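To start, I am sharing the structure in question, which I have written as structure tokens.
Naming follows writing order (A, B and C), and every chain is counted from residue 1.
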Amino acid sequence: MTLMNRRTDEAAADPSTAALRAIVPATGRSWRDRLTPLIPLVVLIALVLVITIKQPNFLSLYSMRGLLESVAPLLLLALGQMFVILTGGIDLAFAAVASFGTVLLALWIPDMGPGGIVLALLVTSLIGFVNGFVVAKAQVPSFIVTLGALGLYSGIGLWISGASTIRLSEGYDVVGWLADLRIAQLPASGLLAIVIAVVIAVLMGTLRRGRALHALGLAEPAVLMSGISTVRLRILAFTLSGLFSGLAAVMLVALQRSGGPSLADSMQLPAIAAVVIGGTAITGGVGGAMKTLVGALIIVVLRVGLSAVGVDPAWEQVFYGAVIVAAVALTIDRSRLRSIK
Amino acid sequence: MTAVLEVKDLTKRFRGVVALDGVSFEVRPHEVVGLIGENGAGKSTLLKVLTGIYQPDAGVVLRNGEPVTFRNSSDAARAGIGMVHQEQSLVTSVSVAENILLGAEGDAVRFGFYNWPKLNAVAQRQLDKIASAISPTTIVEKLSFAERQLVELAKAMYVEEGAQVEPVIILDEPTSVLEGAELETLFAQIDRLRQIASVIFVSHRLEEVLRVSDRVYVLKDGRSVGETDAASADIDLLHRLMVGRESSAQFYHEDEQLPVDEAPVKLQVKNLTRAGQFEDVSFDVRAGEVVGIAGVIGSGREELSRVLFGAEPSTSGSIVVDGKPVKFASPVDAVSSGFGYIPAERRIEGIADGLSVAENIFLVAPQTAAWGPFRNPKKALEIAGAWIKRLRIRTPDERTNVGNLSGGNQQKVVLAKWLNSPELEVLILDHPTRGLDVGAKEDVYIFVREQCAKGMAVVLLADSLEETIALSHTILVMRDGRIERRFDAPAGSKPKPVDLVERMV
Amino acid sequence: MTHPPTVDERRLSPRVRRLIADAGPLVALIVLIVVFAVANPVFVSPGNIGILLSQAAVPLVIATGLTFVILLGGIDLSIEGVVATSSLVFALTVANDRNDLALGLFGALLAVLAGSVFGLANGLANVKLGIPSFMATLGLGAVGIGIATVLFAGRSPRVLDSGMRMLGQGSTLGIANIFLIAVLVLVIGWFVQRFTRLGRYGYVIGGDEAVARLSGVRVGRYKIGAFVLGGTASGIAGVLLGSQLGVGMPTIGSGTMFTAITAVVLGGTLLTGGRGGVLRSFVGVLIIVVLANGLILIGVNPYAQVAVQGLVIIAAVVATGWRLRTRVRIIK
């Protein structure tokens, strides 16, 4: 054996250096790894405390009801978006697809009843499927495909609705229970959305392939080279996004008693903000349904809180935009971005 | 006479692995110096140090007798060192002139505004130096590959203007994609260069190196192991210098190599072709056999291994597993046919950085620790723990992020990922020991022997010739996309590295 | 692996593809004009051509600025927010019915400057904070809409400065001022693209950022510069719209971003960066405007056009991305 071999052999045989490298994570990582995931929850609790001090009736049943009702569609949209963001992509069309979904529901429920809901959910899922298919098969950036889809489905929505709100009176009962039902005096809509988030979290935590979307977002080539179809996973994420846009549409139609071609459009930013502020990284691979739940609650509590402390609602948009930029800047893993475009 | 460029005891390490180990050489005025060596001998690291992309850990670089330090590529350019990159570094969407002057436009751009006539004139001057008829205003994407190489050469010559000294031009594998007349043009070009510059010519095609160089340095294991006048050298001598030491049968556990003549054929490759990369490749792999594929960069062996795993499509030919033809549209199909792949790009294609050691181990076969569609955490912990023990993976626990492990331990996690799959029958090893320290290398060798004893069919693209020879039952030498020669390599009567090198270059 | 992509391109006859990419949009434009002229002669009447030109003005201004961002492989989704803020800054700083300011042209400059500041913020967020441009500009676009909403305060400020209103409403030698201004912006854009480092390095960075870095190009500052150009163009668009409509409002830019992106893509600038230019975007804008105008003349639902623009974006990105597909590639 040559000298060089022996020399490296000695270095390798020294267990202290090798073990050290393994045990001590890269600089700065341990702090972030341990504390960062808790920040959103701390922020949420702090927000609730501050607002309660200013407005003691914030924790009343009445305001809880309002909170839960407004969190329902937002949380559903955010959950759908989360699947796509976990893969490292983004679905800019999701709110427009939800709006489109409300139009479909308002048009179909009077004639078809529950069948209309099923059909509308199928259509929004199919839209997500097609988006995912184009992104995965053509290998083009998701933001631009879904930007195109945003225009496409807004346009169709405006077109078939005549650019106006469609009131739903006949057959409203099919969805109306979502708005009216109370469980332990709390609105079923919000509770249902939260239950869905918990179920997703449990499934992702226990299914054999529950972390596959995370893996895709973290290491796409390694996942593909392990024999897992990245195309199918990506399509799955977008299809789920479409499905959840549809579910959000059902919730909105129930709460608003109508459908409209831009009904959910204003939720695009808050929903994306909910995902990223909860701690799901825009680079993909890190995040989950409970984080998204916390993020959605932060957004809703803040909305209530801002008006409680007397901030003009006009500032809301400024706030969403700033939150998105700040949250992304904090959660982004720069080592994963080879070239930022 | 002072050397225009001299390198003394240059050393560079990456994560504890030595890439350059006290390399020394010099380039004299108007001389063409050939630089040869196997893959991994340290050629590319040396070039990156000379062009300021890497900083050496020890040693000095002297330019015309003066010590110089290159903190970045501009420093190297200012010292008059220009490089023609192996993978072309031109921006194809802008003009020839813009490429030649990129980042160093000087007077041709004032206050951010372009003086096109001036820019084109400076570029024309560089093109004139190499007697090229290419117009500086042409958009690069309209040029052929050989023409683009001339533009690169002109760009390399441009360092002369800023440095005000005769330049040293490095040509990194300039001939690897050229043929026939294009090659002759390049040689004529190098002869012309000799008049106005000094040249370092890096190549693995030894005939060409001998033809154009005045002197040749041989690199091995990060050191210059030989220096010879091209006039007095022949290819045999270079081969011997490149190969150097004899391999150690013990290190590679050669005594554990079992004969496979009676074993059934597991994998048959028939006339496999991928246009532009390799053609008409046929071979068999028996259960328990290691088929080593040797070849230089550009021989097509990397592409072949990726086609075998479905990561790239084939143009024609077939792959037969257990007598049944298979079609791999993607690695997904390959894995379901019992294939596994240890990639050379371990950090990108091997480990999933960000997932834990255990999660990586169960990427391929999650069903091994499951209740129906659900995970069985207890069993997963057991299995992962068993792998960590068996492969001696140094990690605090199963939950550690695999990205935080050392290279060798990451490689073992990748191995565990495949071995954990009960369906695995064919394993493709693409540089399995790249960047590993000696201890980890030996663990990999032991592992290969063990798997063979169990009947695994292995296709090996090794890091070095010794490794190929020692581990393989059969060796295929590829050259320019074809199988050049097949060697039997039974334990005890292995072919010599020199025999292989002869067929490789 | 080491082979250049040219090997594959050769097989697909690059000459033909380049020809399609170069001349295709122009041919499409001419065909469209001919078809609409035959379908409804009103289309080529002087009156309608005048309408066409003034309709083209605002998209042209925005598309010119956006081209620089897209050339780098980035995107600017903040356009509508920036246009909104700019229109309100304009309406509130020239003579108006809300306050006593009457800064005239200086007010218009302030509004444009507001756009530049947004562009700078976009660039800094992208380059310094490392946020992908679609995300950074989406967020800052919302900030723009928000600031506009705050300034708007529930009621549109009306522009009373007649000189400033002439910018968007008047005409010179029979051609709408707004179009003349847009052409001036285009010419400046072309000059920047052709004769300045900011423009040339845009191609270099968009074409191959790694090579640019290796050559010592300070990539970050040129990227920021491109975003500033984009923001400035949106600022100008805000002034033009404010002047044309005589008010400032948060929704004034609705639809402009979509039209501009579609126009840039249709003109032949690649969303992956490195190839294209402002003159191409001009052709793209004309195609969009002719299509919109012509379809209305022959009675197609205007909302269908939004849908068609969406489809065009998807089709264009798929068409340009298709041949770059490989088996193992990271996409996001």
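The working rule: a residue touches a chain if its C-beta (ideal position, glycine included) is under 8 Å from a C-beta of that chain, and two chains touch if they have at least 3 such contacts.
Predicted model only: the values in this text are computed from it and were never measured.
Peer 1: Going by C-alpha centroids, which chain is farthest from chain A? Tell me that one.
Peer 2: Farthest from chain A by mean C-alpha position: B.
Peer 1: B-C versus A-B: which has more C-beta pairs touching?
Peer 2: A-B
Peer 1: In angstrom, rounded to a whole number, how far apart do the mean CA points of chain A and chain C lie?
Peer 2: So the centroids are 30 Å from each other.
Peer 1: Just the number, please: Cα centre separation of chain B and chain C in whole Å.
Peer 2: Taking the average C-alpha coordinate of chain B and of chain C, the gap between them is 44 Å.
Peer 1: Which residues belonging to chain A are in contact with no fewer than two other chains?
Peer 2: Those would be 221, 224-225.
Peer 1: Where does chain C touch two or more other chains at once, residue-wise?
Peer 2: 326, 328
Peer 1: Could you list which residues of chain B touch at least two other chains?
Peer 2: 311, 330, 349
Peer 1: Note which residues of chain A are touching chain C in the complex, please.
Peer 2: Those in contact with chain C are residues 87-90, 92, 134-136, 138-145, 147-156, 158-159, 163, 220-221, 224-225, 269, 272, 282, 284, 312, 314-325, 328-329, 332, 334, 337, 339-341.
Peer 1: Enumerate the contact residues on chain C facing chain A in the complex.
Peer 2: Listed in rising order, the residues of chain C that touch chain A are 72-75, 77, 81, 125-127, 129-136, 138-147, 149-150, 152-153, 209-210, 258, 261-262, 271, 273, 301, 303-314, 317-318, 321-322, 324-326, 328-332.
Peer 1: So in the complex, which bits of chain C are touching chain B?
Peer 2: Chain C reaches chain B through residues 1-4, 6-7, 14, 194-198, 200, 203-204, 206-208, 211-212, 214-217, 274-275, 326-328.
Peer 1: Show which residues of chain B lie in contact with chain A when the two form their complex.
Peer 2: Going through chain B, the ones touching chain A are 16-18, 21, 221, 245, 248, 251, 309, 311, 330-332, 334-336, 341, 343, 345, 348-355, 359, 363-364, 366-367, 370, 373-375, 394-396, 400-401, 404-406, 408-409, 417, 437-440.
Peer 1: Please give the residue numbers of chain B that touch chain C in the complex, ascending.
Peer 2: Residue positions touching the partner: 53, 72-74, 86-94, 98, 102-105, 109, 112-114, 116, 141, 144-145, 176-177, 276-277, 297-298, 302-303, 310-313, 330, 349.
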